[in-house]
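Chains here go by letter, A, B, C, D, E and F, matching the order in which they are written, and residues are numbered from 1 within each.
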Amino acid sequence: MNDILSLAADNLLSPIILSFVLGLAAALGRSDLMVPEAAAKAMSIYLLFAIGFKGGASVADHGLDAKLALAILAGVILSFGLPFIAFAMLRVMTGLSRTDAAAVAAHYGSISIVTFVTATSVLGGRGIEAEGYMVAVAAAMEAPAILSALWIMARGGSGKMEPGLLREILLNGSIVLLVGSFFIGGLTGAEGLAKIESFIVSPFQGVLCLFLLDMGLVAGRGLRGARSAGLGIGAIGFGVAMPVVGSLAGLALGMLIGLSTGGVALMMVLSASASYIAVPAAMRVALPEANPSVYLTLSLGVTFPFNLVVGIPLYVAVAQMMAGG
Amino acid sequence: MQTHTAKRVEIVIEAPLERRLTDALVKAGVTGFTILPVLGGSGRSGQWSREGQIGRASGMVAVICLIRPERLDDLLASAFEVVERHIGVVSITDCKVLRAERF
Amino acid sequence: MQTHTAKRVEIVIEAPLERRLTDALVKAGVTGFTILPVLGGSGRSGQWSREGQIGRASGMVAVICLIRPERLDDLLASAFEVVERHIGVVSITDCKVLRAERF
Amino acid sequence: MQTHTAKRVEIVIEAPLERRLTDALVKAGVTGFTILPVLGGSGRSGQWSREGQIGRASGMVAVICLIRPERLDDLLASAFEVVERHIGVVSITDCKVLRAERF
Amino acid sequence: MNDILSLAADNLLSPIILSFVLGLAAALGRSDLMVPEAAAKAMSIYLLFAIGFKGGASVADHGLDAKLALAILAGVILSFGLPFIAFAMLRVMTGLSRTDAAAVAAHYGSISIVTFVTATSVLGGRGIEAEGYMVAVAAAMEAPAILSALWIMARGGSGKMEPGLLREILLNGSIVLLVGSFFIGGLTGAEGLAKIESFIVSPFQGVLCLFLLDMGLVAGRGLRGARSAGLGIGAIGFGVAMPVVGSLAGLALGMLIGLSTGGVALMMVLSASASYIAVPAAMRVALPEANPSVYLTLSLGVTFPFNLVVGIPLYVAVAQMMAGG
Amino acid sequence: MNDILSLAADNLLSPIILSFVLGLAAALGRSDLMVPEAAAKAMSIYLLFAIGFKGGASVADHGLDAKLALAILAGVILSFGLPFIAFAMLRVMTGLSRTDAAAVAAHYGSISIVTFVTATSVLGGRGIEAEGYMVAVAAAMEAPAILSALWIMARGGSGKMEPGLLREILLNGSIVLLVGSFFIGGLTGAEGLAKIESFIVSPFQGVLCLFLLDMGLVAGRGLRGARSAGLGIGAIGFGVAMPVVGSLAGLALGMLIGLSTGGVALMMVLSASASYIAVPAAMRVALPEANPSVYLTLSLGVTFPFNLVVGIPLYVAVAQMMAGG
């Protein structure tokens, strides 16, 4: 316990988390500080490319682990399964409509790549190794949750699968970039990494700071919108409880297939995190009646900061206790 | 200067629907339109602004179609099918255009 | 397709005034509007363009409101109070809208 | 609120022509206009979108002029000279403006 | 004197200044070279974050100097006071209206953070140390000048303080980012700096080059507009004389409170520089009748290049003569 | 031959080329992956600035070569001359109208700076030196081809030289930036380079990866448009044959004036590459009747990928065979 607290304190005092807090504070204080949309997108492209590439290069380095397929399968199962848990919890804890609950559930089955990236950064800082292919697991977890949500709605008679939507989801930019750069890293290996190391490794943490500054701004605006979205205490409670529940599911499957300590921690982080890019866009097409401010506020305004500040150090500490290291 | 009567239709719609709308327009034979970026707005579903957007989830775009008056109803019908379940607005103005052969 | 008479008001105003304008609109009960970015322009105070802007000091935005005809005067009065001392222009066009219940 | 009759001219034109168009407008005595960015569009020369642009070769912009009715013909004549050989469209709408002394 | 000239020549031949000159020349030659607005804003966020963070980390390193409060107080006094000097000079030297003169005056009490950043770069290149908290002084000097200008106008019966404007000015993006990253740097110290050093230290000068290229483009377009703004020789003269006057005020207060050589030089630079981001935006709201091309042309087209090319080496040399080093 | 193949395979497995291939695949698969326009422009400014600066610094280092003027003259001759060859080939191989053929021809006389940058990267990776002033040759080759195309049209009675167009072409952003940063690099030399090395040298290859990712996206969309542009097999054939023909012309002149192996390779690359920024914009003004999808598809969709994947290793190998090294 003491350990967890000191880890958390450590985490809190990193430039990364403090940058997020700065953004949050600026937005809550209604400062006009803003990061241009194009710059935020460019940074997210950089982060996806770097994390994918490094994952691939690490796989090339360590040889292909037999557990890769298992880990991906576990990820897909989690992404499919978690929305059902989330939906049930939402129906019990909140007064959200069936549609809103299904839309929110989809977000929690899917993942937040920035939470994942931050966690790898924290692991790196503590010298804990993780399987390079966890980025492939991340990519595999993005989409299945959307299908679960649509299936929940279809049982209720609405939420049609628009033609082309499935292809759109599977070929969505962040999946393609993550998987693509993973392959590039895998193909070019250590030699390729050496060529672009001073671009994708050295400045990585710094870019992450500025990106989290922007995420703080966005989350802060989301929180300010939380009142107008009329989210009750039940919904906020869900936004904090669900990541913990998810992380336990991730912990179980991660240990079951025997991932390393770092791998288990990342599996927990992936399960705990909620999407705020791919899934919202898909929901606007597939479930337009669902209220975007409900799911964006929960995912970005509640769960994302919770994971960043409390969750990650907690999951890492738990993974260390359970898986050793 | 010789001008011709036409209609100007302006549709403000969510960005994830853009391709669906333009596909529907093309299918209805409307091959002329212009798409403008939108910075922010306000409506029944609340106020939003592009700063504070990660991804394109809740951004919007404005689609402008100039069209011969007799083709207006086709356009509105096919646009409405896409817009119907979504947030956004449609407005129609009388206008004149140069170079009628283009419409 | 059933359409309804409305007014389309287009206000080009300096970016630092944007929030003041939309606040005034909201206070006057106008909760529907769309904000478009502006690249550049020219008027009595000279020509300007977004390239060549550091900060948002002299950039502009275009605010578009669709509104029921009977509410036009309220809108103009409240908008004018903000625009009055500043550069920028206001234009009003007759239009039709779909889904009247939204306005 | 006192309003005045005017014309709203909207010209969608290729970006490399922008300066030539505004120069022509200024030469014709039209010193008021606003330029909006365009994200994409479709016309007789096919569909295009800003993503997929390196350089500004085939991007477009929208130029909006509010003008007194009696000056419309001058404006159209000078604009048409630039637009003539190029892709793009011109539309004209009746409108009202506040602060007539500005036009 | 000889020394000043050689310093100036040295300064002129740095990539930073030459990049600015390139931008200036391109704009005056009406090239279509342009830096996208989003990229320029992203670079300014980077520079503010880096300079604030490094300042904070340096304070964490050297311990909190008792002079910090004094230096900030001196900055606030300068920012409040310089507009009155500027206003008086403008009324004597130019035919500007009371409103235009007040608006211009506000710009010269406030500061240009890019001029400050360039000066720290020049100091760094010469191995002259400065107090890390000078970035806090810079932040403190941004806003007070605006109040002085409004007070000048209020005496004349116009220029009302719009509700919300004060909060807007104090929480303006660049102040929040500068102060925020200063705190982050202070909290995470040398350890935090080590994590993101290869992002905020190594590429700093290069980013500054590209940023100054853009500033050159903007300033060049401003100069081209100078004719149409109808600025006479008196106004141009003010744009050159005022920074020198300001720098002397900064020199006096900097020496009075006993800053280091580098600190005195930076205090001179802050006093000499004129705002072109925060103040113009505030003026559009508070003094809309003031002509923006007058104050933007003077600040960006005359004083900024003057400070960059002539002023900084001059101020540094004077500071060295007066404060030793 | 074996050598060429192994070089080509080597080239294919670099992160740079694979990033391009990823973008191409994403676009052909209709993924919504996209790089914001502002980020793409910012990256191209970075690349131009870096390549120009490094060229200038290298000239400062090695002393001014007497061949500089000869090399520039050769470049200008190639840029003027190649459009005539291209036009003749197009009239024979394709059914393009006179206007379309002239517009396409202009693109092939001019150059693609990204192809050039990639080639310098490949040369650097193999340890082959090239004259620093080749970037000046690149700049000199941008514009003359446009005049040739207009002259071809003028003989046919159309294609007027709009007033101001010539100035616009010569002062176009990429020429100004390339030449300007070349001078800055030349003036500040090794010392200047040292100051900004960790910005313009170390991360260069990584930025190039992301830029080529975007180029792949753009080229892929261009290829998808190829069908609608109705380009026949003849036109596609031209897009592959013309760069080879151009490279041979470049080889001849490069050897004639006695450039180094790297210099000859770059002269081949410049001659082989086709413009897709400066020339298309000029054509919209000067030859608006020419169909942009024809020339953009050929230049970006056919010739650019061909040069990147097949051309560059081929030209480098040939240069090595002919010029030694």
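One rule holds for everything that comes next: contacts are C-beta pairs under 8 Å (C-beta built on N, C-alpha and C of every residue); 3 or more make two chains touch, one makes a residue touch a chain.
Every value quoted in this text rests on a predicted model; they were computed, and no experiment measured them.
**Student:** Through how few touching steps can chain D be joined to chain F?
**Tutor:** 1
**Student:** Work out which chains are contact partners of both chain A and chain C.
**Tutor:** Chains touching both chain A and chain C: B, E.
**Student:** Interface overlap for chain E and chain F, more than half of numbers shared or less than half: same or different?
**Tutor:** Because under half of the interface numbers appear in both copies, chain F and chain E meet with different residues.
**Student:** Measuring between Cα centroids, which chain is at the maximum distance from chain D?
**Tutor:** Of all chains, A has its centre farthest from that of chain D.
**Student:** Most remote chain relative to chain C, going by C-alpha centroids?
**Tutor:** F
**Student:** Using CA atom averages as chain centres, what separation in Å is found between chain B and chain C?
**Tutor:** The mean C-alpha positions of chain B and chain C differ by 18 Å.
**Student:** Quick one: chain B and chain E, Cα centre-to-centre, how many Å?
**Tutor:** Using C-alpha averages as centres, the distance is 45 Å.
**Student:** Centre to centre, by mean C-alpha position, how many angstrom separate chain A and chain F?
**Tutor:** Their C-alpha centroids are separated by 40 Å.
**Student:** Let me have the rounded angstrom distance from the C-alpha centre of chain A over to the C-alpha centre of chain B, please.
**Tutor:** The separation of the two C-alpha centroids amounts to 34 Å.
**Student:** Name the residues of chain C that each touch 2 or more other chains.
**Tutor:** Residues 36-37, 93-94 of chain C each touch two or more of the other chains.
**Student:** On chain F, where are the residues touching two or more other chains?
**Tutor:** Each of 34-39, 42, 198, 202-203 in chain F touches at least two other chains.
**Student:** If I apply the definition of touch given earlier, which pairs of chains qualify?
**Tutor:** Touch list across chains, by label: A-B, A-E, A-F, B-C, B-D, C-D, C-E, D-F, E-F.
**Student:** Quick check: in the complex, which residue numbers of chain D touch chain C?
**Tutor:** Checking each residue of chain D against chain C gives 1, 3, 6, 8, 22, 26, 31-37, 61, 66, 93-99, 102.
**Student:** Quick check on the complex: what are the chain B residues that touch chain A?
**Tutor:** 14, 16-17, 20, 45-46, 50-58, 85-87
**Student:** Which positions of chain A touch chain E when the two form their complex?
**Tutor:** Its residues touching chain E are 13-15, 18-19, 22, 25-26, 29-39, 42, 125, 198, 202-207, 209-210, 213.
**Student:** Would you pull the chain C residues touching chain D in the complex into a rising list?
**Tutor:** Touch list, chain C to chain D: 10, 12, 36-44, 47, 49, 60, 62, 73, 76-77, 80, 83, 89-94.
**Student:** In their shared complex, at which residues does chain F touch chain D?
**Tutor:** The touching residues are 34-35, 37, 40, 44, 162, 214-215, 217-218, 221-222, 225, 228-229, 276-278, 280-285, 288-289, 291-293, 296, 300.
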